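Here's the structure, in structure tokens; my notes come after.
Here the chain labels run A, B, C and D in written order, and each chain numbers its own residues starting at 1.
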Amino acid sequence: MNAAKTTSKDFLLAVEGLTVSFDGFKAVDDLSFYLDPKEIRVIIGPNGAGKTTVLDLICGKTKATSGSIKFAGKELTRLKEHQIVHSGVGRKFQTPSVFEDLTVFENLEVSYPQGHSVMGALAFKRDAAVIEAVEAVADTIFLSDALDQPAALLSHGQKQWLEIGMLLIQKPDLLMLDEPVAGMSVAERQKTAELLRRITKDHTVLVIEHDMQFVGDIADRVTVMHQGKVLSEGSIEHVKSDPKVIEVYLGH
Amino acid sequence: MGTTTTAAGRRPFGKGKGLRQSLATLAASVMLATSAQAAVPPTEEVNTTGLAVTDDTVQVGILHSITGTMAISEIGSVQAEKLAIKQINESGGVLGRQIEFIQEDGASDWPTFAEKTRKLLRQDDVAAIFGCWTSASRKAVLPVMEQYNGMLYYPTFYEGLEQSPNVIYTGQEATQQILAGIDWAVKEKGAKSFYLLGSDYIWPRTSNKIARKHIDKLGLKVVGEEYYPLGHTQFNSVINKIKLKKPDVIFASVVGGSNVAFYKQMKAAGVDFTEEDPLLLTISVTEDEIRGIGGENVEGIYASMKYFQSLDNPNNKDFVAAFKEAYGDDMVIGDVTQAAYLGPWLWKFAVEKAGSFDIDKIREVFAGIEFDKAPEGYVRIHENHHLWSKTRIGRAKTDGQYDVVYETQELMEPDPFPEGYQ
Amino acid sequence: MKSSSPLKWFASREGLYYLALALLLVVILPLALDPFRLNMVGKYLTYAFVAIGLVMCWGKAGILSLGQGVFFGLGGYCMAMFLKLEASTPEATAIQSTPGIPDFMDWNQLTALPWFWEPFHSLSFTLIAIIAVPVILAFVIGFAMFTRRVGGVYFAIITQAIAAILTILIIGQQGYTGGVNGITDLKTLAGWDIRTDAAKTTLYFVCVGMLFLCLFAARFVQNRKLGRILVAMNAQENRVRFSGYDVAAFKIFVFCLAAAFAGIGGALFTLIVGFMSPSFIGIVASIEMVIFCALGGRLSILGAVYGALLVNAAKSGFSESFPELWPFAMGALFIGVVLAFPNGLAGLYQSYVMPLEERLFKRKPKTEAAAPAPQKPVEKKDEGRDYDPMLDQYSPEKS
Amino acid sequence: MFDGYTTSELMSIFAMQGFAGLSLFSVFVLMALGLAIIFGQMGVINMAHGEFMILGAYTTYLTSGFFQSYLPSLFGGYFFIAMILAFLICAALGALIEWLMIRHLYHRPLDTLLATWGLSLIMQQAYRSIFGAREVGVDLPDWMMGAFQVTDLVELPINGLFVMIIALSIALGVYLLMYRSTWGKKVRAVVQNRPMAEAVGINSAGVDRMTFALGCGIAGIAGAAFTMIGSTGPSSGQAYIVDTFLVVVFGGAQSLIGTIVSAFGISQAQSTMEFFLSGSMAKVLTLLVVVGILMLRPEGLMALKVRR
């Protein structure tokens, strides 16, 4: 969306010197990277490289030991999770986390960016605008026909889409997706890639993914992480041919 | 007197005119089991208020906790009350009517006590209720008693500060137990300083207040006063404080499970009560409690109460024998159990003296009712609805019984609102 | 979700449930029971307030408080303080050394009314305090704990400790609180004698009225988006948080709501029973309140009312006929409600009675759409929070 | 309050007061260890912990009766037999309960709390039906009563020392078992990653049952030890519940060291305050401080800072 380009360098997201340690173990170590508006960035790296932790840090789930995360000019490290969401960051978890007891419609409705305070939630009414927004998003995520189904009955892939839909309806500037195609069938995978391409028309997206085929399909740029640090960054071809990356992935 | 039922009217039941005089004027009214055998008076004469009285039966209520934390304490009272009822029935009943009892469980829960009282009075129309143990349960029951004009016979020694036209207090109120006990310790044992220790609730606090005032009056010293929450089990700190303060007497009103912990830990800390340095005087450890504490842990402590199972008199011998026959040889009988036993008897005498089961009529004849077959010896109802009774000091032995080492010469006058002690 | 007219609502399945309860409490029980038993039912109903709060707090939002007795007690003590002051007029207490203060204060050598008792001379202050005092305490506890993400078992244990602290404090400070005996001998409310049969019957109906108010308040919350957030929070706290909700604020809200209900229940308890004592605050009392909610079905606010009624009625019944069996029955109830039927009565109703109903009264197509969702695999990790009869409210009508 | 005492008197009092704090500490450790294992390793809240302790106490009571009647000559040593029996009986019952009840409730910690509360009601009433409502008096061998004279003024209660020794040996034993034995490794593996532990062939159900049984068994030993200083009655166990849970939670749930540190902190605070304040207020203040600290630091004293 109309990203407020107020940061000095016009980055939507600027992560600088980010460090977090758990009992002395540095899961993320002096990490810096920058996202342009409307960019699709994929983070790859071996297990334990700290990819998920980076997302946790940006969305506030984990508090940074040091460093800064500037989003559209706002310092995120000092905000609470819901404030970070309100400033335009949406995050999808690795395992699909949707509200299984609620229907698809209600899942999306709960995520609709209105009535987020206690009193707001008490006063919230399902008006035409809400229904319209829900239906629009449902269309995007291929779930128009399943609106009245409880989310528990969806397939694994559909749940992933629903969760993405729950982010979309919040109209965030930055979408963070943790392994969106993990555990999906080939057909679902293709559909998801299509979905992501649709989404990226007007969102900045930060994705963690293992599937290099999929990464190649969607990424503008790729950041390779290793042991909490950036190992390499650039286009997919660039990182694929980077000797350091080859060393890490194939060397041992 | 019976008409002064307002709260404001409770106090002026009047202080007794002194022991002698009362004895003289009231002794004449004694009658034991003699008049009752006369022709059974017709029900409509003896029961004008719709109580559950038929031509040959009368219903009463027994209301104690059978379940919950208080069941431990209250079971003895239930047994004693049932025993008394059985004996009264065997001796011809009350006004020729056999007593039937309806037993309700207060379940250690005060609203339940109030509810059950309401049930006994409203639904069952019982002629008397023998029951309650804790002050809290009595306080809960009291408004109901007064509202429906019932009569409660309450067996526990308690803090006083109460005098209801609808309750007969068959246990001692605090001053009866405490004053005699402290006087004894001062006179016989030369005590000069006291350490007051109790569980944290109204009875120990009120008792210690009375004790403190009395000690002040005697010109002696209280060197410490301490309360622990009910159920507390760690007394090492207070034991150290006692060692630091070196009182002549520890005046203890610890109750329940705390008792066990307190005496065991005292003993373990090297305090041998038989050396009487310090001397321990309790108002809360009856023979019942000793069973849980273990006789070897309390050997040598002194208790100040009105009844001990070992009392040497023919009444008590009969009572103990009957009790053991009914409930087994290993039963022990504590102060409250004996007081509970008095309830049905005192009610019977009052009914027969009044010639009626009507509560208002028996209330008028209460003052002066005597029971000279009481296991504790002899008791008489005071105008203030408490009992004149003697106070005894017992010394605990390893077998869990007390040796009676002292008893007051005369009956102690009950004084629930002791002037100068409040 | 929104019924266009109240009339229509009453004809709906949910409306019928409420009507049935109203019929039971307002018509059947008062006709069937004598004033004595009715008064007991009134007492049971005061516990239902706590149970409704627990449904919202524990059933919906997953916050188990083992200290609801604290709020119940605070509401009750507020009421009792007012009534005690009214009963302690200088005339009625003329024999005390300080007339005009409650009797237990006089026995404890207090010579003046403590400052925090003063405002309880005023009925309007008291009525506010009955809700405000529990809510403020709940807010403080909730704020401290929920903003630091303390939940689950930790929260349960800490609330339990708070119940223990308050009990010891009240018993220890008997000059100010009446100690272990509580505040007793309450007589009139603004001059109206609360001890007569007529008054007790009136109080019963007041209690039923308040109960329905609370039921509707709980239902309102449950059916708004707020209610869905609470349930969602319980299952997927992080998802709610990262959907932009301040989870702590919602938890604080529902905890305070439960405290308010409990406070109202406590105040009515004092009026109906005629006294208040620390034994309703403590650990045991507080845990028992949880079972009322669990038996009814931890997700069903109507179930909570039935749970409170049944457990208490059973308790009275058992303790009249088989006192020594009652603890066994109660223990078995706790275990059974957890192991065998975690959805309580509401769940049993849903699985056994509803299908019967369906067959008997051919449901109309419209409601059929709203009927419970197809059976889910119940064996899943879920704590059995699927089938609450009330949940069909959520089905979108897409008006 | 210390006017008129000589320095040596004061020193002795302080020494004994320090000892009082230590014996309270060992009581807390004994109470909390079993619970800490069950709660910390399995996430199960065992509200019947106090009742398991009392089962140990009743076992001691029965053993003492048996020795008095049949083996009076060996009475002096019966206590050790009693402790072993208490452990075995409680552990066996614990394993049974785990099989009947607890294993169905993993991952529902709040439900285990309710179910075990129900269990505690049943156990209490069972004690009442079997042993009577009254507390029973447990006879102790003479050598266990009395005090150990250190100086003229300083006397240390022998049973206090004894409880302390039991507490420390059990703490040490548990430590060795959890951190130095194969079994302990298995337990910790299951705690950290159940599916993975199962995948490498650990019988996780068996480990759970043993852990629960061990926790209950330790409660039994604690109960046996407490016959020396406390009461043995159907509802005596309830007195321990709040303290025990607070000690465990305050220490940080998964840390045995934390449990011991917190037991030490709480016992010292309480015993010091008891000396200077009245007993009730000391208790209230201790609880308030603990709850207050827990509100500020909910993870407890020793919790690991881990990725959540």
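The working rule: contacts are C-beta pairs under 8 Å (C-beta built on N, C-alpha and C of every residue); 3 or more make two chains touch, one makes a residue touch a chain.
Quick caveat, the model's predicted, so the values are computed rather than measured.
**Student:** Give the fewest steps needed to get from chain B to chain D, where each step moves from one chain to a chain it touches.
**Tutor:** The fewest touching-chain steps linking chain B to chain D number 1.
**Student:** Relative to chain C, which chain's C-alpha centre is the most remote?
**Tutor:** A
**Student:** Where the CA atoms of chain A average out and where those of chain D average out, how many Å apart are those spots?
**Tutor:** 48
**Student:** Distance-wise, how many Å sit between the C-alpha centres of chain C and chain D, to the nearest whole number?
**Tutor:** 34
**Student:** As a quick test, compute the distance in whole Å between the mean CA positions of chain A and chain B.
**Tutor:** It comes to 76 Å between the two C-alpha centres.
**Student:** Starting from the mean Cα coordinates of chain B and chain C, work out the distance between those two points in Å.
**Tutor:** Comparing mean C-alpha positions, chain C is 39 Å from chain B.
**Student:** Which residues of chain D are in contact with two or more other chains?
**Tutor:** 128, 238, 280, 283
**Student:** Note the residues in chain B that touch 2 or more other chains, in rising order.
**Tutor:** Where chain B meets two or more other chains at a single residue, that happens at 200, 227, 229.
**Student:** Please set out, as single numbers or ranges, the residues of chain C touching at least two other chains.
**Tutor:** 168, 171-172, 324, 327, in rising order.
**Student:** Show me the residue ranges of chain A that touch chain C in the complex, using the header's touch definition.
**Tutor:** Touch list, chain A to chain C: 59, 61, 80-82, 85-86, 90-91, 93, 97-103, 105-106, 109-111, 113, 115-118, 121-124, 126, 131, 147-150, 152-153, 163, 166, 170.
**Student:** Okay, in this complex, where on chain B does chain C touch?
**Tutor:** 7-8, 10-11, 66-67, 104-105, 107, 109-112, 114-115, 118-119, 122-123, 134-136, 139-140, 142-144, 147, 161, 200-202, 205-206, 209, 227, 229-230, 417, 422
**Student:** Spell out the part of chain C that touches chain A in their complex, as residue ranges.
**Tutor:** Touching chain A: residues 1, 221, 224-226, 228-229, 231-232, 235-236, 238-247, 249-250, 253, 373-374, 376, 382, 385-386, 391, 394-396, 398 of chain C.
**Student:** Along chain B, where are the residues that touch chain D in the complex?
**Tutor:** Interface residues on chain B, with respect to chain D: 69, 71-72, 75, 200, 225-229, 231-234, 236-241, 243-244, 257-261, 264-265, 267-270, 288, 290-297.
**Student:** Applying the document's contact rule, which stretches of chain C touch chain B when the two form their complex?
**Tutor:** Where chain C meets chain B, its residues are 34, 36, 39-40, 43, 91-95, 97, 103-104, 106-109, 168, 171-172, 174, 179-182, 184-187, 195, 273-275, 277, 279, 315-316, 319-320, 323-324, 326-327.
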